[in-house]
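Next up: the structures, one after another.
Here subunit A shows up in two complexes: once beside subunit B, once beside subunit C.
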Partner chain A sequence: MGFISDTLASIGLNEFVITLMFVNAILAMSIYLTLYGGMFSLANAGFMAIGSYVSVILTQNHDWPFLPAILAGMVAAGLIAIPIGLPVLRLRDIYLAIATIGFVEITRIMILNFDKIIAEAYTRLHMESEPPKITNGPLGITGIPVETKLEYLVVTVIILSYFMIRMHRSRFGRALAAIRQDENVAASQGINVVYYKNAAFILGAMMAGLGGGFSGHLSRIIQPGSYGFGTAVDILAYSVLGGISSWYGPILGGLALTALPEVLRPLKEYTGLINGVVLLIFIAYLPGGLGDPALWRSVRRNMSRMVHLINKGKTADAGA
Partner chain B sequence: MLVLKHISRQFGGLMALQNVAMHIPAGQIVGLIGPNGAGKTTLINCMTGLDHPTAGEIEFGGTPIQKKPAHRITALGMARTYQNIRLFGEMTVLENLVVAQHGLGKANLIDSLIQSPRHRRENERLRENGLQLLRRFHLEQNAEVLAGNLPYGDQRRLEMARALATNPKLILLDEPTAGMNPVETAELGEQILRMKAEGKTLMVVEHDMSLIAQVCDEIYVLNFGQIIAHGTHQEIKNNPVVVEAYLGQEEGE
Partner chain C sequence: MQASNPVLKLKSVAITVLVMLGIALLAYELPDILDKKVLSPEQHLTTVIWVGSVYSLFALGYALVFSILGVLNLSHSAVFMWGGYIGVMSVIRYDIPIYYTLPLAMLGGGIIGVLVDLIAFAPLRRRNAPRISQLISSLGASAVLVNLAQLEFGTSPERFPRTTLKELPYEATVARPYTIDWLGAEFRITPLQVSIVVIAFALMFLLQYLVARTKTGKAMRVVAFNQKVAGLLSISVGGIFRLTFFLAGALAGAAGVLYALAYPSLTPFTGDEMALKGLTVIVLGGLGSIRGAVLGGLLVAAFEVYATAIGYSWLKDALPFVALFLILLFRPQGLLGEATVKRA
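For the complex of A and B:
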């Protein structure tokens, strides 16, 4: 184990980075669920923020243990997804993307100004006591103990993977796939489109909330600025790079895209450039993503062909 | 079975359907014909809940359905096919039929997470039903083929199998013979008559008069969103209003 972690650390993947890779894998899985149902939603950065803030406030201000706190963050994200999903999921494609980015920005600004809102409410209601500081504005919450461990994340990814595999073969998953391919026909075959879209949206929000809870307890500080448009696009990029034609695609995407800038760090100012070029190459030549089953089939075919050729070479040598 | 009372559908200033009254009696095959753009597909969309009439009432088995969403109407026992084939192209042929039986199943996500007996029994039952339908339409050798890769005629037949998979009382076929050759059309007519023999009610929207003559008990003619004639095949064929709608008015000498 020591050898493996040393080798990984030597290419820039220390334990912190590896932990972050798995957090992002969870976030990538959260957006996969909505994409699987044909919904181009970027709301998950907002749900991540909610999960992160709720769980951190619970552990910091209310002395909750870590596990119940992140589960509470997950539930909070799911509950907020209910009133958001009902109106927003009536939109499709790029319009849904725009509306959900709006949600992400509103969430960020709400968190940024949360203490001011509370203070205003206190004066309006003529309350005597000092208003509490909860989200602490742009400075964020600091001094959070690092509770997220790699083991927890690996277990979570395994549980979520099991969920995804089963989901695909369930009545629920088939309904989502049908909705993705033709919403109207799905409805005509007896599928309650509104129900399934919202259910997928809420489950995705809960996964994002869980990922947020983990990420909040990873870097000692959370600030509203970490959960904006950029994060929303990052989460989408994980699933696009990994591909959404298989459940493991987003996991690979989340892992790879988080590791890439760290591995490229020795290139200093060229890091961003190479990172972008690698992404472009992937999108141009591997549109199905890293997790494309067709890609792996062809890799396996080429490998076995190579093994075959090597073996043939050996027998030829032996003959000579 | 299905009664339409004064159905109108307005798209802005355009009256796509105007005061349409129809009656589809149980156990019969009713034809709906009309020139292109007459409003036939709009009418089917209104019946199945993909669109809703701006005025009028639709009763299906005594239940008013004009405001119900599509999945509810399907649950009441209505199914349809599409003029331009709309299969789930990324699913296999069999999966298309399994997902089509969604409303007949009950298993939820938790059932599949814990692999409950309900989930397994139901999956098996739906697959078995699906295979039976495939045999009926001679598609069983293509069960594992992606629906999008099927030849055209097979896709048409799969659409019909998918409509039957919801176990409907009433089936609406929107131009089922489009793009088919005469042999395939005749075979399709046999399938339609077989459904009738099994007690299903059907409505067939068609351009192919040979199919209409083969299967329909009565015919409605739609033109510019209005029903202009109603009767048996013989009556329709000799109706001057219908002839005019299709061939245009004879010019005065």
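For the complex of A and C:
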């Protein structure tokens, strides 16, 4: 193990980066669930922010232990997803994407100004006591102890993967697939479209909240600025570049896209540029993403053909 | 794209007038309602108009690409930022007279727009890739453009040098506004603000004319309606796409120069703030509608200005999104858009 981690660290993937890679893999899986149901929702950055803030506030201000706090963040994200999902999931396609971006930004701005809102309420209600500082505005919450460990994340990813595999063959998964293909036909087959769409949205939100909780206890500091539009689109990029035709695609995408800038770090000021170029090349030449089963089949076929050719060459040499 | 039905046209004009009246009313009444003291409400109205015209001009490119191709071009804000840099840097580095910066930035923005199409969109279109991949690929193009700007121009804010601003015949300094008395209210406007509004609206009318009245515009509308049909009518679909991206890029470039004239702080990340604002603008007005984008720009500017004016500056960023959320839920086609069968 020591050898492997040394090799990884030498290309820029130290333990922190690897942990972050798995956090982003969880986030990528969270958006996969809604995409599988044909819902183009970008709300997961908002749920990530909620999970992150709830769990960090619980561990920092209320002395909760790590695990219950993370789970509380997950549940909070799921609860908030219920009133958001019911109206928003009536929208489709790009409209859903934009509405959920709106939700992400509203969440970010609410967290940013939470203390101000509380203070305003205190003065309006003529309360004597000093309003509390909870989210601490743009500076965020600092000095969070690092409690997220790689082991937890690997276990979480394995558990979630198990659910994903089971999901495809379950009533729930088949209903989502039917809804993705045609909502009206699915409804005519007796599938409760509203129920399944909301269920997928809420489950995705809970996964995003979980990922947010982990990320909050990883980076020592959380700021509202890191949960905006950019994060929302990043999460989408993980799963699209990883490929949404298989359950392991988003995981691969989350791992690869987080590792990429770190591996490119030696390029110094060109890191961002090359990162963008690689993104463009990926999307142009890997239509099904990194985890596309067809891609891997063709790779395997070509490999075996190559091995075959090499063997043939060897026997030909031996014959001569 | 545009409503050809006279009844719809009347309706959209009526909505526009109503919303504008609402904005003007708010300027005078909101402070009283909330019991806040605000200096010179008419001043806010002028601010809304000139800031809003820059927003509208920027958002028009978004709306144009969306209406013809049906995709969101997330690199539009990066083209906008590049337009600003082309304008400012041509003055700083090459001493080009300030009058030429606008056409230069429009040309540059247009060329960058076409390049973005060739690199980020055309390969995916050929493969019939889903829109979601095109969104991600435009994001990659945006990252490349922002990083290129960072390498070339650095991250410290740039501005038009004050001396070059004085080249303009009317001495476009913000410190010397005209005062106009109208209906008993005093409007104080700087010549720079007037020229920004005039240029922005002139470009928007030109675009509206191009799309609604010319043969090219008709071809664009056919492509937007159905690409296969357009091909059968021997319209060069690829050419129309490139033209669309050129026009959108040119508008972004013009908006970039006007932005750089208005705010003396241009950085490679200027575009990022505008990206979301532009999105809000086109949704409020109606995705893909030109008149809607104009109205949306003014609305977003109004939200920002009034939220700041009544002392809730933190609401400034949240209000447009709350409006966006509500509009999408109750009127997904936007304020001026037409309802379609396959609507959201």
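The working rule: the second predicted complex is superposed on the first by the 320 of 320 C-alpha atoms of A that agree within 3 Å, B and C clash if a C-alpha of one lies under 4 Å from a C-alpha of the other, contacts with A are read in each partner's own complex, and residues count from 1 in each chain.
Criterion: a contact is a pair of C-beta atoms (placed from the backbone, for glycine too) under 8 Å apart; a residue touches a chain by one contact, two chains touch by 3 or more.
Since the structure is predicted, the reported quantities are computational estimates derived from the model, not experimental observations.
> In this superposed model, does subunit C or subunit B come into contact with more residues of subunit A?
So, of the two partners, C touches more residues of subunit A.
> Could you say whether A:Gln181 touches subunit B, subunit C, both of them, or neither, answering first, second, both or neither?
Only subunit B; A:Gln181 stays clear of subunit C.
> Using the superposition on chain A described above, determine whether A:Pro145 touches subunit B (first), subunit C (second), both, or neither.
It touches nothing on subunit B or subunit C.
> Between subunit B (first) and subunit C (second), which, if any, makes contact with A:Gly190: first, second, both or neither?
The answer is first: A:Gly190 touches subunit B but not subunit C.
> Between subunit B and subunit C, whom does A:Pro132 touch in the aligned arrangement: first, second, both, or neither?
In the superposition, A:Pro132 touches no partner, neither subunit B nor subunit C.
> Examine A:Pro293 and indicate which partner it touches, taking first as subunit B and second as subunit C; both and neither are also allowed.
neither
> Which partner does A:Pro68 reach: the first (subunit B), the second (subunit C), both, or neither?
In the superposition, A:Pro68 contacts neither subunit B nor subunit C.
> On the A-aligned overlay, A:Met167 touches which partner chain: subunit B = first, subunit C = second, or both, or neither?
In the superposition, A:Met167 contacts subunit B only.
> Is A:Ala99 contacted by the first partner subunit B, the second partner subunit C, both or neither?
second
> Tell me, which parts of subunit A touch subunit B in their complex?
It comes out as residues 162-163, 166-167, 169-175, 177-178, 181-182, 184-194, 199.
> Within the complex, which stretch of subunit C touches subunit A?
Residues of subunit C touching subunit A: 70, 72, 74, 119-120, 123-124, 127, 129, 131-133, 135-137, 139-144, 146-148, 150-151, 272, 275-276, 279-280, 283, 287, 314, 317-318, 321-322, 324-325, 328-329, 332, 344.
> Could you pull out which subunit A residues touch subunit C in their complex?
Within the complex, subunit A touches subunit C at residues 35, 40, 87-88, 90-99, 101-103, 105-106, 109-110, 112-113, 116, 229-230, 233, 236-237, 240-241, 269-270, 272-273, 275-277, 279-280, 283-284, 287.
> Name, in rising order, each residue of subunit B that touches subunit A in their complex.
Residues 48-50, 69-71, 74-75, 79-80, 82, 86, 88-91, 95, 98-100, 102-105, 107-109, 111-113, 115, 119, 122-123, 162, 165-166.
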